[in-house]
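Shared chain: subunit A. Partners: subunit B in the first complex, subunit C in the second.
Let's turn to the complex of A and B:
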């Protein structure tokens, strides 16, 4: 709740992105057998500011699973349920990409210059606000669906 | 014959507010765990704090600023800007059934039309060119649902804002197209046959252009009110109606805004010796305003803001008096005296913010404001007799500079001064200096000194009626002045708890008050009194486990007339406020409980209104049904009887009774 005299109308970029990512997870439907482990694994590049910010959502529950944060460098991409790519991950991502193309993994790009075609959600900042583009066509290919509430807030839906 | 009220003008800018408070958000309170508890729609309303922007955590601001945001407005069921303000520490309001008055730190003059507070909407001056009135009740020109947050900076603010920033500055920041993204309607019903409807449409394009258009209509039949001084009830004389339109466009560099509002209030109090209970006694306030602002970073260390605005204000007041002239057919028992006034103001501002010098952040700029066609008329309608027909104009040029100097990690100096050239009055120079000392990261000690002034408004300067008991002008009338000093301690007890405590002293000189010349049998305005206020205030804010938010504040103060050493009217020695908000059932139902109390107040009639505590309760179901947010509020839950002191124009009423238990049911629907 922001019910406080000193509540936030502005927030640090990465904290805000982490909160968005948490919401993305909640508004995504995985196919029936899409979530295999007892934890919901969020993979991102360890050591980045965003990775630190994402620790705030570790332990929260979504889709009846506890959210866990995994390092993209050390976790097999196929174990990820959510995969977040930043600018610094371009090279790593090009290696991962073929392995996960047909898996129900929520792919999120925090790098507006990475081709949006590859990612289900691309985050960008415009006018000091977080904006995001949803590629629901890409998601449908692996039987993933976004709720209408999320689609309505998207800057663009492909 | 009769006179009426008063209200004035001068211009402004906004800036250390923008620097100090927009940035407010940066503070320690915005922890990530809080962000993850927000809905995605709420997240959409939060701006990214960009690293390049100059950051000034609240704890560094040279003031003890209070902020209330949209979430709190809904949680506590606030209906007017006055409700929001009176939830803040040190502030109280009173209502005379026409206008809501704001009191800060022990000073509130019934009948002064809030001319001693500067009201900004998105940084643009609202105090009009006739009465320099800050409208905070149902007369406030925009719908409360369109407010993103309200900030209040107590203390002398003339070093940046010029005239009227006397006891403090209220800045109302409105929502943008992005906060709506589609169409939203709100409907509310309440006691006293109240109904309200709002339709808002907001959009953002891919290129980042935001649009917001909103229209609102409010109607209240009101009550049949009993007045002990007349031992009679005023029937059908409390109706309140307002309609408003608001539009706003925003891109990265440019903002454009437009406001229209019309408010009509019947007057049941028979102020200015009217005939009690007579139908037709009413006042209308009308406003139209446009503004534009352009911001651009000229380089990494220099940014520019250019803004311009125009406002037209019109007032009409009908006053009903017993008829005692020659007998006519049909028989007449009363006649109407009308006050009619209007004025336009045009202004512009140029402001630079430079961080060229290391450890310095320098803000400097100039602004210009012109008041034109400031007309005041007073006449009897039938038979037509004119008592006043005045037309004046005036202008103000202001120049200001402010430097914020970081002396190491622990000490910050914020010093500013503004010079105003005012037509018809001597020039004014007003400084403000703040020292912020941070012995440790979670503690700040602030010492603040400033002066401010207020130019007499057009009403005080030019209202003149050549009748027995009428008004005459005073060519010696001078601006009034204030010197404010404050020591503030802010301390974060933990990530989730914070305290603010402050000791303050305000010294007002040449206070403009109404006087009476018994030889001429005329009232006039003169700089006759001085007031000294000393007080302490403290506030504790906590976010507790399980989504509970609590806020407690108290003020102890003494405000006395410097000549008579008597406590001034409408000044409570003690104020107390408690706010508690808690989830009752998951995210589905939330309660907001508010208690506001104050000690007894002296009236202008040497009587006292007793102290009281009022409890308000709001229950809100933010996800009542799909896209539907519903809330129910009970105000004055225990039906406590209380009254506000009346201004002298309300004689023989020494007090005005306030509302008993009343309710509101409100529904928001997003398409």
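Let's turn to the complex of A and C:
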């Protein structure tokens, strides 16, 4: 069984991002009562290329839960365990943001401009490679912890 | 003999070599075993350490692997570069694609786990390979392949082996030293044993065993160089008395002094040995004439005649020496010893304190003596012994006063045997005790008969031998015999020779006293021939002195003999003793003795010794 979410460099960019996201989930620890539902809900804007790519991780397990993909538009943000924001979601995100500010939700930005402190992980392309920045301070505010192994791989840790 | 002495050390050397060799082999085996054990211990330690290292790495590197972050993975792997044994390490993802490796240039065919025979490691001659899974949350995400060199392991093993060998060499060296010391004491013990087997502990001289060896050697030499040799055999004449009187310690001391004296009289090449008891033997090399040997023997007799001072006592020891020659008298050692013994025996028989050179005729004499001895054993029961009596006369009154009983042996085989010939044999064999007893009994029985009808009672004199006198109970025995025969004690006179009395006055004075108390008379026979101590003479409870026949013989013609006889008679009278003259054969002698005041005479002039049956007739004739 292939447990790694992708197959080296040949994979297209979005497939790689999806695999990264799955790995982020695995290296993230939620607070004790942070995961309330029986599935681990990943919310993203429906209809984007990333959303399609994320289908690949649906059904995989992490933290003893099956991963489910939810539409950011139709799902209440408070039900999300992972929230992914792309460039096209800037408006939507500004609405959601106040509702989830104090909730243990792993927020991932695929938009380098959205780095501004709000997102726990920001994905970026540097020198044609996918890199990421981790804001562990932000995570700690809602009692979420990243594995040191993950922190070591980050391009930058805030 | 030389070979015999050499053999034991050879054996100990071989033994020492063999034990050193076996100790060495055992040590080598031990070292080899220790090295093998150490090798496996080191190998296991390396394997365990490597497994721990690789599993820590696998844990650390899992995230980098999952994110395909080769740079991060390499950085993590680089931490292993500090390990001196590292040959290389490779990180593979689940597709077996290399993500990272250290060092950079490391290329190697990554083996399948299967190749490791179902284990995660493989040891080759120089390397250890480990395959370790990289997992995250129980999912294998890749594999680490680690190769380590065994160089350090072998270096350590080498140091260990060197240390072990060094320790073994030291141990072996110490063992060899200890062994050498042990061997030395064994050798010492061997030497001691050899010494004990060949040396007489009392005198430090060679013993009989060593003497036989040396005699054999001397005979070989004598054969080779055609130089005759002589063997002397010494036997002390009165050693037993020293032992009996002063104890064995003094006896040993005497033997030591004696050995020194003999040794001093010898030449450097000569050999002296103590054969046991009071017997010594000497080998004289290069003796060509009998005269030469005789001179040496003379010298020996003279040197031994001087007194030995032990404590505060002066001891006079005399020896009888027999000499025999090789090859003149004997063709081998055994015969030589036997012939020397025969000669020595002849010296003893001829009055001791002298020497005899071996003569072939001696063997005949010995045979004769053996034959006499055999016959003497049965002489008493066969009734071959008898007493003859020689009367003793009172010079003053011309009357008979008594008889001296004299023993005669008429052997059915040897005819008439002189007492001079058979009395020494009887003394040597101990038969004299039985015979002496019979003599007293017979004499008492005879005198009892003869005195029955006589108003003036006669006395009978019997001679007591030295052997009888040594018996402490002789006085009791005499009393018993007197009682059995119902004869008054004063009818019996016991004659003892001067030398017998004076030889050991201390021991005998008690016996004399007890005989005297009973009333038995005591006479000193052969007076004037020995050495009498005047002070003892005064104290001894004797009743009469008998002037020796040698003084009486020339009394009428020799002034010296006259003077001696006069002196003895004067001395006897002044001590209140009766003086008896023996061997009176002529009227002149009788007259001279009478003139000197001698009391009693005995001799052919009056009568020869006569058989007991003739005595009554003789008495009837003389009244």
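As a convention for this text, the second predicted complex is superposed on the first by the 148 of 158 C-alpha atoms of A that agree within 3 Å, B and C clash if a C-alpha of one lies under 4 Å from a C-alpha of the other, contacts with A are read in each partner's own complex, and residues count from 1 in each chain.
The rule we apply is simple: a contact is a pair of C-beta atoms (placed from the backbone, for glycine too) under 8 Å apart; a residue touches a chain by one contact, two chains touch by 3 or more.
These figures come from a predicted structure and were not determined experimentally.
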Contacts of A:126 with subunit B and subunit C, given as first, second, both or neither:
first
A:15 contacts which: subunit B (first), subunit C (second), both, neither?
first
More residues of subunit A are touched by which partner: subunit B or subunit C?
B
Overlap of the subunit B and subunit C interfaces on subunit A comprises residues 2-4, 6-9, 20, 23, 27, 149-150, 152-153
Per the contact definition, I'd like the list of subunit C residues that touch subunit A in the complex.
60, 62-69, 72, 93-95, 97, 136-137, 139-141
Subunit A residues within the subunit B interface of the complex
1-13, 15-16, 18-20, 22-23, 27, 53, 56-57, 60, 125-130, 149-150, 152-153, 155-156
Within their complex, subunit A touches subunit C through residues 2-4, 6-9, 20, 23, 26-27, 147, 149-150, 152-153
Report the residues of subunit B in contact with subunit A in the complex, numbered from low to high.
22-27, 29-30, 32-51, 58, 66-69, 71-72, 75, 88, 148-149, 173, 178, 181-182, 204, 206, 208, 210, 250-252, 498, 541, 543, 547, 549, 551, 581, 583, 590, 592
